[in-house]
Each structure stands twice: as structure tokens, then as C-alpha cells.
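A short write-up of the structure that comes next.
Just so it is clear, A, B, C and D label the chains in written order, and each chain counts residues from 1 on its own.
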Amino acid sequence: MSLKTKEEYLDSLRHMKKRVFIFGEEIEDYVDHPMIRPSINAIASTYELSHQPEHKELITAKSSLTGERINRFTHLFQSTDDLVKKVKMQRLLGQRTGTCFQRCVGMDGFNAVDIVTYKIDQDLGTEYNTKFRRFLENVQLEDLVVDGAMTDPKGDRRLSPSEQNELDLYLRIVDRNDDGITIRGAKLHQTGAINSHELMVMPTRALKESEQDFAVVCALPADANGIIFVFGRQASDSRRLEEGEIDVGNLQFGGHEAVVIFEDVFVPWERVFMCGECQYSGELVEIFAGYHRASYGGCKSGVGDVLIGASQAVARYQGTETAYHIKDKIVEMIHLNETIYAGGIATSYEGKETPSGTYMIDKLLANVCKLNVTRFPYEIARLAQDIAGGLLVTMPSEKDFANEEVGPLLRKYLAGVKTYPTEYRQRILRLIENITIGAGAVSYLAESMHGAGSPMAQRIMLKRLANLDQKEGLANRIAGIQKEMK
Amino acid sequence: MSLKTKEEYLDSLRHMKKRVFIFGEEIEDYVDHPMIRPSINAIASTYELSHQPEHKELITAKSSLTGERINRFTHLFQSTDDLVKKVKMQRLLGQRTGTCFQRCVGMDGFNAVDIVTYKIDQDLGTEYNTKFRRFLENVQLEDLVVDGAMTDPKGDRRLSPSEQNELDLYLRIVDRNDDGITIRGAKLHQTGAINSHELMVMPTRALKESEQDFAVVCALPADANGIIFVFGRQASDSRRLEEGEIDVGNLQFGGHEAVVIFEDVFVPWERVFMCGECQYSGELVEIFAGYHRASYGGCKSGVGDVLIGASQAVARYQGTETAYHIKDKIVEMIHLNETIYAGGIATSYEGKETPSGTYMIDKLLANVCKLNVTRFPYEIARLAQDIAGGLLVTMPSEKDFANEEVGPLLRKYLAGVKTYPTEYRQRILRLIENITIGAGAVSYLAESMHGAGSPMAQRIMLKRLANLDQKEGLANRIAGIQKEMK
Amino acid sequence: MSLKTKEEYLDSLRHMKKRVFIFGEEIEDYVDHPMIRPSINAIASTYELSHQPEHKELITAKSSLTGERINRFTHLFQSTDDLVKKVKMQRLLGQRTGTCFQRCVGMDGFNAVDIVTYKIDQDLGTEYNTKFRRFLENVQLEDLVVDGAMTDPKGDRRLSPSEQNELDLYLRIVDRNDDGITIRGAKLHQTGAINSHELMVMPTRALKESEQDFAVVCALPADANGIIFVFGRQASDSRRLEEGEIDVGNLQFGGHEAVVIFEDVFVPWERVFMCGECQYSGELVEIFAGYHRASYGGCKSGVGDVLIGASQAVARYQGTETAYHIKDKIVEMIHLNETIYAGGIATSYEGKETPSGTYMIDKLLANVCKLNVTRFPYEIARLAQDIAGGLLVTMPSEKDFANEEVGPLLRKYLAGVKTYPTEYRQRILRLIENITIGAGAVSYLAESMHGAGSPMAQRIMLKRLANLDQKEGLANRIAGIQKEMK
Amino acid sequence: MSLKTKEEYLDSLRHMKKRVFIFGEEIEDYVDHPMIRPSINAIASTYELSHQPEHKELITAKSSLTGERINRFTHLFQSTDDLVKKVKMQRLLGQRTGTCFQRCVGMDGFNAVDIVTYKIDQDLGTEYNTKFRRFLENVQLEDLVVDGAMTDPKGDRRLSPSEQNELDLYLRIVDRNDDGITIRGAKLHQTGAINSHELMVMPTRALKESEQDFAVVCALPADANGIIFVFGRQASDSRRLEEGEIDVGNLQFGGHEAVVIFEDVFVPWERVFMCGECQYSGELVEIFAGYHRASYGGCKSGVGDVLIGASQAVARYQGTETAYHIKDKIVEMIHLNETIYAGGIATSYEGKETPSGTYMIDKLLANVCKLNVTRFPYEIARLAQDIAGGLLVTMPSEKDFANEEVGPLLRKYLAGVKTYPTEYRQRILRLIENITIGAGAVSYLAESMHGAGSPMAQRIMLKRLANLDQKEGLANRIAGIQKEMK
């Protein structure tokens, strides 16, 4: 059976022996570590929902490789309908977790690698796509989480990979032999790496002829020899280490990013899907980014739903939900959130088949979608803070509420509308805090800015894809500027 | 043959004897009147392109009523593909005309009337839909332009139709007899009414039980007895009366709006599609508005393309097109314009079949689309003015350029990059002026604001359609607020 | 007596024999020409108000040169109080005219020229300042309007003055002799040139050593031999030529810009205030721009007051003024408008004395002020159009209202709240049209964008003036980054 | 001597026995508690700088009560110069601390209470002002920190104080006797209360005749019997409890807010400055809010300077500081930041003397200033996050950098431009994190939103103060709408 349960997923992680560092110490039991567990829970949702009949259509798909029912996160998109369902699945999971659920980079990576390896094979007679699909078939069968590992450290941004003071600042092949290759380097900002079964390494940018060593795509078990994970900090992260359950804001779920270091890690040829074909590197990045920029139209509108709902709830608990300006701000949040979503699904509906059979989204609209994502969540969060009121950032800790002397006083003085317990207000404010200025803001805001490329990356693509010459022709024609004049 | 040529369209208008007033005078030959002709040309484009093979797929459709190839502007949408093609057709025509092409209100009206009359017939056993489809069949066969006449004057906005000082401020039935009904009132802001063959009257808002006389849908020939058109002014409109062809900005095309007055006009029962069923009035308006709000995602992004192209062109003629900040502004214009478009097509793709078989767009997204249209064209226009430079509003008239003494001096001093004649710069600046501060700004800006409902109308719908309760539930769940606590 | 009356001003113009072209024809009686007269009326207001006791303090000042009471528009600023009063005077005049009143460029130019010529004299031992002050003394005594003529055509923007294909694209000295100099070239976008008595020519940018011929400051009577004015077009400009008084929107006032061509014009040495000192050119432009950017904080907030008032009035006439969203939009307009004003007065209050005794505004804040002016009027105008409703751009001409048959019908159907005549609505909508999409939009919007330099010019200055190093030091210190580490 | 040193301030706090709760426990040594100390350090800066000659002019003033040199934070403003210097002092302290320095509420409160008590005394023959000035004289002499305690819990926002389910939700007088009064209630969001010597209680809103018990102004020692402080949580607050000094972002400084509970606290008559005069309550709030809204123009632009500097620094360390789009974003940050500042100083310069001799700021502009503060810091923070890159939220903890195995790897892989140690990048990113998504964001963002009143409070004032009638008159006049027509 291809669909793991939530429990099977947790078990499968427990069997992996990864090297994980947090707060300066290497830890053993990363699955039950309170700092990491919320991000494991978030991925676990992708398993849990796959077994719920009402979500089956969105969360699962029929594999194009095996014909089996598989988790959509391991699927190659076979139609625009698949692309649209992906975005709807992402919105659903955003709504359920209120955070980043971390399984999209792998999914978008599969599809990008499939298209590009197919093309390389066609052009150069290699067998990368065959090997990749064999790998993916197993991923589907075992229902694995695969971290798409793309972002290199980049060092001094003015310098290309080969110009860097330290060559390892872009992950590279340091050895090749009959059995495989050895890679060295690091990938930064790895969303959800520690809760993955596999890592799929990809290059981070277009490369020059002389930079072949950086042109590598390959897959590795996340506990392969030489791989080290260092857990990244988030705002208010250590609240997870405190007793209690309210101040953390989002009770069960969270995201994480890690620095993943590859200390001369060996990869057998069977798992190498690009090795030196630097001329395809730019295209791979562009296709991956295209998919992933559309993905944000789903997940972030899902989290947006949660934040809008929380804002509406806090207004209700405080007695302001009928004030005109509050309603108007809620409407503005809805508008911005749905604009993001419209971008995601428009991008998907306008997808087209590629030679490998895998469907590609519309690149221009994907960049439009993501560029809105770099702006609107910030404004939605600002409006949420406006509605929430100052208590959002001045409320005492839940331990104070539990104190015998001041607890009752706080409940008395922080009461809102009498039909709702003060604890409702407390909880919903902590959730808004989480998403707008806490650990959740890392994924809702900063990740919206930089994930799948910073805004400038989208702007460069928009310039390139917008067919300005045609537009200029339209204008000249209407203005009566003749071709022969030109 | 159902598809008229451009010439046949012009001829057919010449056979109609409408009463048209401009500048205080009634005119005879409205077809060749220089103030009106540009708007007739714009509609003529919808005929012209229907015969061009490369546009056949967008501009024509197979009639669901007759099976014939018809102009899409007379079509009942039979699929989401039809809805998407509508938006793409609108973008194409916006690109070709650089203005409003005025045939959409009728199209969106047909589909709204079809859905609602079908429902009335089902509910009440009437035969409105049958009559309507008979009417529409003829429209398709004759390839007619039908003005959808919805917006009543409304008088004092604080008062409902029946509370107004003057009851005629909402168009109403003043008499009923065996042959038909008599209506009195006016419709304002009628986009392109004078270049239409028919008017289809619809109510403008939800109505109360006591307001049955205002609940009327019917069709009339545009030259029916008692109908008077008064042409509306636009910025710089009288440039069309000047000699020359440059200062008008958009050489061939323009839009117009008219006040249409109905002085006790008789309508035979055969052409009456709603008569007193006030309970359906609100729904009709909402469905029409839904369609029409999505339409703006198409036409305005088409005009946006022209304005972006003009901005790029003027930068080229002036030697600034490689300056970073100019490129960045062009990118911003593209981004905003495509965000509008993404809204239009997402709305269409998410359409659903209604009981009449006609497809309805997604109402929530339609309102999102239109609300962006009330903002982004203004910002795009602002950026275009930024790029254009001050000459946009300080350039002497084309007659000055034609003057023997100052003409050569102006050509000398207003020259830009030497490879382009000064006239290019002159023409393209006049086009940007037209769209951002001239006659074209009426359709690109003010119509974007108020067409298909002013922004507040969209906001009210967003609040109603966004399912806030569900969002609140999502937030409460993540915050650990139990149902039983509530 | 130094303060002319309005009538004396008009008379004085009639005595000047300027060469003025409009619509391809040279005209004689430019003072009473209906296209030009509104801009003469606007300047005339600066005379009229100088005699009204309640405005004396703002509109007049005590001359630092003669001790006489003079019009503030001819004054050298002697204190921050003078600088602030300038901005307040500009707001007042914007409120009274609803447009650009065109006398500021000269005023700001005087002060800039005073500071820089003083410096040149100090540095180089020249007598420019002495000559300039002698000239200015006469301007004050005669209460003259002086057009500050700065903006050269610039041709291909990628090329410096000396690289242009045609050297005349920057105004330059083509001959020098014992009596004076001869200049050739043109100045574009000359706000209000035709209603001026004098032109004061200034260079338009920083110049290189090899570009001495372009470094010229001098004053000429506006009817000097060889000067030609070509009137610039504005949106809806020819409404001034129509009969009637409503459609023009702003009944009395308007602005104008002209192309001013200098065909080998002779200037005696007595009126030459810079001649070849190219090293001071950049500073002169910067100081002038500084003053003038602050000026926009006054005049545009004054026009903004008119537009806000018109929006409030139209809401009242239509019965929407108590709707929450209308009130909220009015508040937003007020907020943006006052933000502009705050910039203008802050800039002035923070002014400092210069060696010449003339006070200079704060340059950083002046650029901040102007950059807001390139944005907020556009948003204020958008909100005004939102409040106004669609009739803003669809209302028939006033001649239609005067027609016997349709006039009464229009008055019936375009009636709003019954206590106000339809004509109120008609007039106030035409005023909003004027300011947001008509002739007034030229000064309220496009001039706000480009006057005193386009937005990019402000941004360059902000970068230069913001003392980023100091800010970086502040951050490093708080972050614990030690100097010695660096 | 009236000016305490930093050390004297710390000592003086140690002598006070306040009841302070944090994390559910009452603590003794609140002065050296690592959670609280940063906010004490911030206030300590106001003492430290008062002794530095270069800051003496801004930080100190000559008392109007005693003629002594006092700290400006205890000063009654005697001129617009005083008002402007206040804002400049606030900017300076924002620059030095990078956070809220918490001494402004008291200062603005003094001035508001002075004006209003003077008025009450004049009107009613009371002696409140005399008592208040006697109190203030001692504050100046002892150089005390006084927390202005205004914001009541408010409970159900739809209900007025007397309608609340629980009357204590607005602080009130529960007993009066010959010696004084007894008050009960709470004040929320008390910025910096725990580091204060005194609390000055003020009402939070306009009150009705029947709500006299809520109309109380009085001063109490912060350790008076019955006062309890509960420390409020902030994002990432517990990083202060961790070892190390980098992850906290701002090494020395921070703000805090507390819930202050008054459990039947006695206040002698000598310290009661309003007792039941509810008719002055609204005015007191309005005057206080006016001062305090202007204050934000100073402090927040100071913190903005730090954030701009940090963004410039991180760009330098990463090698992006010369990229056009980075420079452009820095410029935008500067522009927004200076717009805030311009509002603050314009408000101050336009101040006017009141009957008590104390100067009041311009209320309209103060609301404009603050309304910009509710928007621009959010956009500045968004831009800072854009420039910072993803590492802002994915960087491992400083303990990881200290680990023997992964520390060197992190330093290798997170290196930027080679001339700067990785630790620079680490420190500056933590500072940006602090201000935009950590503890500093509480003061830079959420406090900017809600401090001195939420945005809606400013909007209400703008509507009231903007003189709309006059604006309407201006518009009508220009449109030719005669008074007699009206």
C-alpha cells in the first residue's frame, strides 16, 4: 500500500539515524524533541489527511508511473487539473496547520527534475530520467518525504561560484569514481529537512561552462554518512520548551529550517540525475521556481484564512466585530488573500504539457503570484495586528494566568465579551502573535518574501517573459506609428 | 450567415433612426459623426476580428441554441472554457482598441438573464426563458449589438426606489395591457448605447415586495419610439472635432457613455422577460455583476498592455529605456496588469454549471478581480506618467507642429533619440495622455472604478461570500479553542 | 508703491508685445485669449490677495533690499518664518485658485540665484550678486512676475549636453561681446511663462568643465527680440473656447505651460548673473530644486483642500455623505493631503541661514516632501473619483442641459438630494473632473510628478543626504559590532 | 542637583519594593532580572545622555517651575522650540537604544495634566494645578521616572464604563474620605511601568455625567500598597534568559509593558489632581494623545534609523549594497522614515501657547503624524526583511556557532564578503530580526500601531479637526456655486 498513515510516518523517521544539532548540542531523539516535533506534526498532516475520504481527491492522485493511488506530494503532474488540485491541497493544509507544512519543495522538485532530465536524455542520450523515475517510483511506493535541497550559501553575492574565495560556498562534486560521486558543500534555509526521509540536491543558479562541478542533481537518504543538520532559530522558538500550551500560539504545528552540511558525502551513480551538464542548470532552477512560486498561492492563502479567522474571532471576543472599520479591515484581508490564491490557480489552469508528459505551470503568472505573496501577507498581518489591539504584545504569560494570586486578577481584567471565557481571547491572541510576530511569522512573512526566490528574482522573470516588444507594437499601431517609419 | 462583417454592421446602424443629442443638438447622421464614430469603430472591431482566422477561436463560438458559428459576444457560456475564452477575447480586444469596446454588457447580461429567467420559469411556471432565448436566437442570427441597460439614476442615495421624491428615478412599468407594457425612466452611464441595435433593460438593485413596478427585464430596438440618447462628455472629447489625427491620441477608437431616456416606451409581451418578480431582482443584479466584474480582468489588462507598450516605446524614443528605475517601473506595471488578468481567468476557470445549462463564474473571485481593477490601473497610469516625463502635458498642439515657423523649431527641440522621428514621440505621448488623462482615461480609470459596481459593492460581496465562520473555526481549532468551550 | 493691483498687472501685460503661438497660429491679444486668460487670472490672484488685509501677512513681506512692503513672490527669504509663510501662502493660493498659480518658480529661482551668485562672487571676485540684486530690486519695485526658465529639452537622455547630436538641445551662449551675450536654445514645460514680465534663465543640470557655454544665468524681458512662446496643450483645454461656464470645471482659473524658444537672443551684461562658471551649475540646480520641492508641500495641499471639499460636497448633493465608507475615504484624503503639507512646513522650519543672508530650506526634508507629492495627489484623485461616482465621466454637456427638450429631462433624471439643484451636482462634478482628469489634472497630477524634478531625482538626493554611514554606525553599535573588529 | 546619573537612577530603583510577577512567580530583585534589565537600561540612557555635553541641549531644559537645569522628560514645554527639541531628543534616544525608551508617556502626561488642571481650576475654583505643579516640582528635583497610566482594560468594547458587567474594568474611585481616595482597577499596556518611580493615573476616555467615579487623575509611588505589576510577554523574550549575547539582537536595550493592577490603593488628597470632573476627561485624553502622537514622529524615526543602518550594513556584509534594487529599497526606507519625522517636527513647530503657559502641539498634524506611524514602520520592516535575505529567520543559534564541530562549519558556510567576519553578519541579522520579528518589533511595529491610540482614533480626530465646511466652501466657490443658491 502506497499511503502511509501518520503513525507509520513517525515510525519510519524513528528508524533513521540523522545527525541533528540544536542549541549547540547534538541530539538523539529528534522525533520527540519539542523544538522539532511541531514541524514533524505538520508533515504528518499530509499523511493523516490522505486517509480521510473527504480529502482523498485533493491529497492523493493516481500515479503516472505505477497506476497506484499515491500521496499527491510525490506525484508528477499529468494535467492542469493536477496543477490546480495541488494548489487547493496546499490551501487546505495551510488552513489545517496554520503554518508551512514543508513537503512542497520535494514535490515541485520532482516535477522540475523530471522535465529537465527528460530533456537532457533526449539531447545527450543520457539515462538520467530513467534513473530519476526509478527513484521516484520508490518514493511513491514508500510514501517518502523528500527535501528539495537547492539554496547554496552563495557567500559574497557579487561573485559567481567559481570566483568565490571558498569554492565550497556552492555545493559541488569533489570526486567521481566508478561507483558514484562525492559532494561537498551546504544547503541553507532547508525547509523541513530534518523531518524528511530523503534529500534531493539541485543546483541553485545558472552556471557557466567552467562551473560543471556545481551542476549536480542527486538523491541521498537524509541520514547518509557525512550529512549534518543544524536547526535554525525562529522568533519565540523556545516557547516550545516551556510548560503549558497556550503561549506557543499554534498548539501542534510549526515549521523549521535547517542548515544542511554535506561533508564529502558519497552518492552512487544510480541516484545521480545530473552530473556536470551545467547548460541545463538555469532551466532547472527556473522550472522549479515556477512550480514553487505558484505553490505559494495555495499555502499562504491557507494560512491567511487562519489569520483572517483569528482576527474575526478576536473581534468577536472583544466586542468589536460589528464596528464598521473592523469589518472593512476584514474585507481587505479577504481581498488580498484571495488575490494571492487567484494567482496560484490561474497559474495552474494555464499550465501546458511538456515533452516528458509532466505539466508545467504558466511561468509569467507564477512570478506574478509570488510577487504578490512578497507583499500581501505583510499587509494582512498588519491589519490583523490592528484588529487584535495592543494586548497582542503586552499580555502576561500563561504561567501568570496559572498563578494563584494574579491569575484570577488577570482573568478579571482581561475579560472581553462576557459570553466568552478570557482564555479564548488569550489563545486567539497568542495565535495571531504566532503568525504575525512569532514562530509562525517566519513562514507566513519571511518565507513569503524569500521562499522560491526573493522579489527581485520574480521581477527579473517578469521583464523577460512579458513580451514587451509585442506590447510596444500594440501601442505604436494605435498611435499610428507605422512599421515603415520605424 | 451569422457573422456580420464590419461593413454590414455599419450599414445596419445606418438603417436605424435613433434620437441622439450631442452638445445640445439633435443629430441625424450619428454613424459618421466624429464624436461618435470612434466608439462605433471599437465595436466594429468585434465584427472585423470574427472573420480573421487567427482570432476565430476566441471571437466566435458555436451557438448552444442553433449550433451555428456565432460571435462570442452573443453566446451563452456552455463551459468554463467558454468563460476563459471570453476573458481572453476581452484582453485581445483591449489590446487592439486601447479602449472599451462596449459589447460586453450585453453579453454578460444575456447570460445573467438566461440563468435567472430559467429559475423564475422553474419556480413560477412562467415562460420568460423561452421568450428570452427566442429573442437571443435572433440576436445571434443577426449578429446584433445589445446594450445591457441596468443603471438607474438613483436620485437621493439614502432613499429606496419607492421612497424617492420622483418615482421615475428608477425605471418602472407605468402601464400594462394585453399587448405589452409601457416603461418610463432613464438608464445612466450606458456604455456604447448609441452604437447598439437593441437595448435590454434590467433592474439595478434588489427590490422589495412593494417595488414590483421596478422589476422589469425587457428588450427594445434602440430606435423604439420614446427613446432618447444624450451623449456623455469625456475629457478632451472635442479633440475629435479638430483637424489632424495626432492630438486625439487613439486614432481610431474610443468609448462613449450616454444617458438613455425612456419616455413611456411600449414593449410587447414577447420581449418582456421579467415583469414584477421583484424577489429575483437582487439575484439578477448579482449574477450580472459577477460576470461583468470578471470581464474587467480581460479588457483592462488588454488596455494595460497598450499602456505598458506605450511607456516602453516612449522610454525608447527618449533614451531612458535602459535606466534601471525605468525598467523597474515597467516591471511593476506588468506585475499589476497580470494580477488583474489572473483574477479574470481564475474566476472563469472556477465557474460552475447552473440549472439552465449556462455557466456561472466564481462570484468571490470575480469580486476580488474587480476590486483590484479599481486600484491597479490608477497605479499603472501613474507609473506611465512617471516614465513619460513632463512633455506628456506640456506639448504644443499638432497644429503648432504644422506651422511653418514654429513647426521646425518644435521638431528640433522636442527630438529625442535621433533614430526616431520627433513625431513618434509626439504620437506616443498623445496616446499615453489619452489613456491616463484624456478620453481613454474615462474607460481605463473611471470605468475601472465604477463599471460593474463601485468598490464598495465588491467589498460587500466579499464579506458575504468569504465564509468567515469557517475561517473562524480553523483559527479556533489551531488555537485549541474547543467547540464545547464555546 | 510696490504692490500692483490685479488691474495694474493686467495692464502691464497688455503693454508687452510677446510672440505667442496657439493651435498653429500666432495671436496678438494673448491677455484676453480664452485659452490663456485663466492662467493670467491665477497669477492675478497673487496681486489681488496682496491688497486684502486678512492676507497681507502671508502674501506680502518687508523687502530685505529696500525695506518696502513687497509681494512675497519677489522676496528673498530672511528667516525660517519667511520660509514657512511661503508655504502657507502657497496653500492659500491653491485653495483660492484650485490650480497652479505659476509664480513660484520665479520666487524660488531668485533665492537660489542669490545664494549661488553670492558664493561665486566670494570665490571668484565677480559681481554677479550685485547685479542680480539690482535686477531683483526693480522686480520688487515694479512687482513683476518672473518666469524661472530652467528645464532644457535634453534630447537623448543618455547623452550629456556636449554629446548631443544637436548642441542647442541645451540652451547655450552662442556669442559674447562687449555689450553682452547671445543665447540660443529652448526651455520646456515653462509654467506660466506667457503671463510673466520677465524670464530668468538658469542651467538645468550639473555641467562639466567643457560645458561652460551651457552655464548661463540671465534675465530677459519676456518680449525680448527672438523669444517665441508656443502654448502647450492640456486635457480638455478647448472647453475654454466653448460657450457656457460649467463644463470647464474651474470657472476662472487654470495653469499653462509653454515651450519657450530663444532664437539668438541678446542679453546685456547687466542682466547676466552667471556666464561659464559651470562648477556652480549643479549647486544652483540643487538649491533651486530644494526650494521648489518644498513649495509643492504648500500649493498641492491647497488644491487638495479644494478636491476634498468638492468630494464632500458631491457626497452631500448625492446623499452619500453619511455612509461610513465615504467618510472614511474623506479621512484618507485629508490624511494624505496633510502629510504633504507637513513635509512642506517641516522643511521650511528646519531652514538655515546661508552666507548671503538668504535662508535655505532643509534639503533632505524637501526631497521627502516632494516624493510624497509624486504619489499622494494621485491617490487623493482616485478617492475623489470613487466618491464622485460614474456620472463624473458620463454626464452630458452643459449645452444639453440648456436644450429645450432634453434639458428638463436631464435635470429630472440627474437630480440628487432634493434640497440641492441638479446644477450644483453638475458644477461640482465638473470641478472634480477638472482636477482629476481634465486641465486641472495637469497641474494637480502630472506637475506633481515632474515639477521640480521627477521622482528619481528626489530619490538620488535622499540617498546622498541621508547620512547612511552614521546610521550604519548606530546599528553596529547596538548589535555589538566593535569598531576594532571592523 | 536635579540630574541623576545612570547609577543613581539604578540605585533609586533598588530602594523601591515593588510587587512584580513574571512567568507566574513574584520576584524580588527586579532591577537585575535579565528579563527586565534591558528596559531599565533603556530608561537609564535618558539619564546617561543628560550628562553628556553634546546632548545637553536636547536632553535637558531649564525648568519653568524652579529655573533649574532638569531632564527634559520632566519639563513643561514653554515654547515651540521645546516641542521640537522633544521630538529631536526622542529621535536621538531611538537611535541610541533601537527600541522604546519608555519615559515619554510620563512627560506627555505632565503637560496634558498641567493644561487641563489649570483649566479646571480656572473654571471651578479648585486647586488641582497648584497641587500638580508641587508634585511635578519634586519630580524635577529628584529626576524621577513617572509612568503615565492611562489605558483601562475596557472589557466589552461595545459598552461604556458604567455599562460593563464588571465596573472595575475601568479604574475607579471606590472610596473617598478626609485623607484621600481609594482606587481600584487596572491599567494595561503600561510601557515601562516597572522601571518607574511613580505612576500617574489618568482616565482613558470621555466620560458621562454618571461616570464621575472614573474621572480620576492622581499620582502614586510605584511601590504603593496594593499595586501589582505583571510583566507582559514579547516575541522571543526569553532569549534574554539564555547565555550568550548575540541571539538577543539588541544587546543592552529593550522595552517592556506590564499589566498594573490597583487593589484598593489609597491616594492622599495632595496627590489627587482630578476627582470626579468627568466633563474634562475627554479633553485630557485628547491633549495627552495629541502630545504623544507627535512623540512617535521622533522615537520611531530614531529606531527607523537603526533599522536602515542595519539593512545597509547587512547588504555590505553580504555583497549586495551596490545592487540597484537594494539601493532603491534603502532610499524607500529613508523616505518613509523621514516622512514620519517631518510629521513629528511640523506638529511641534505649529504648537501654540495655552492659558497655563504650557505649549500644545498642533492636533491635526499630530494625528497625521501618528497615522503614518501606524503604516510606514511596517513597510520599512518589510523592506529590511527583503534586504536581509532568508538567513534572517533560518540562522542557527549562537550556541551552535560555539559548538566545536558545527561552529567552524557554520562560520565557513555563512561567510559573506571576506573582509567582514561571519559574526558581523550574524549580529546584524539578529538585530534586524529583533526589530522586525522579535522583541523589538513589539515596540517598532505593534506599539506604532496602538500606542497613543489605534489608527481609528486618529481617523476620528482627522475628521473632526479638518474643517470640512471650509473646504466645501472653497470648492463651491471655484465651481461657481453661489452662497445664495444654497
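Annotations for the structure displayed:
Just so we're on the same page, a contact is a pair of C-beta atoms (placed from the backbone, for glycine too) under 8 Å apart; a residue touches a chain by one contact, two chains touch by 3 or more.
Keep in mind the model is a prediction, meaning the values are calculated, not measured.
The interface with the greater count of contacting C-beta pairs, when C-D is set against A-C, is C-D.
Counted by residue number, the contact pairs of B-C are over half the same as those of A-D, the matching pair from B-D, A-B or A-D.
Taking each chain's centre as the average of its CA atoms, subunit A and subunit C sit 51 Å apart. We define each chain's centre as the mean of its Cα atoms; on that basis subunit C and subunit D are separated by 40 Å.
Residue positions of subunit A touching 2 or more other chains, listed in rising order: 325, 328, 459.
On subunit C, the positions that touch subunit B within their shared complex are 21-26, 151, 153, 155-159, 165-166, 168-169, 185-186, 188-189, 228, 230-239, 242, 247, 257-259, 261, 263, 318-320, 322-323, 325, 374-375, 378-379, 382, 385-386, 389-397, 399-400, 402-403, 405-406, 409-410, 412-418, 433, 437-438, 441-442, 445-447, 449-451, 454-456, 459.
Considering their complex, residues 84, 95-98, 245-246, 249-253, 305-310, 312-313, 316, 327-328, 330-331, 334-335, 338-339, 341-343, 345-347, 349-350, 364-365, 368-369, 371-372, 420-421, 423-424, 427-428, 430-431, 459, 462-463, 466, 468, 470-476, 478-481, 485-486 of subunit D touch subunit C.
On the side of subunit D, the complex with subunit B involves touching residues 324-325, 328.
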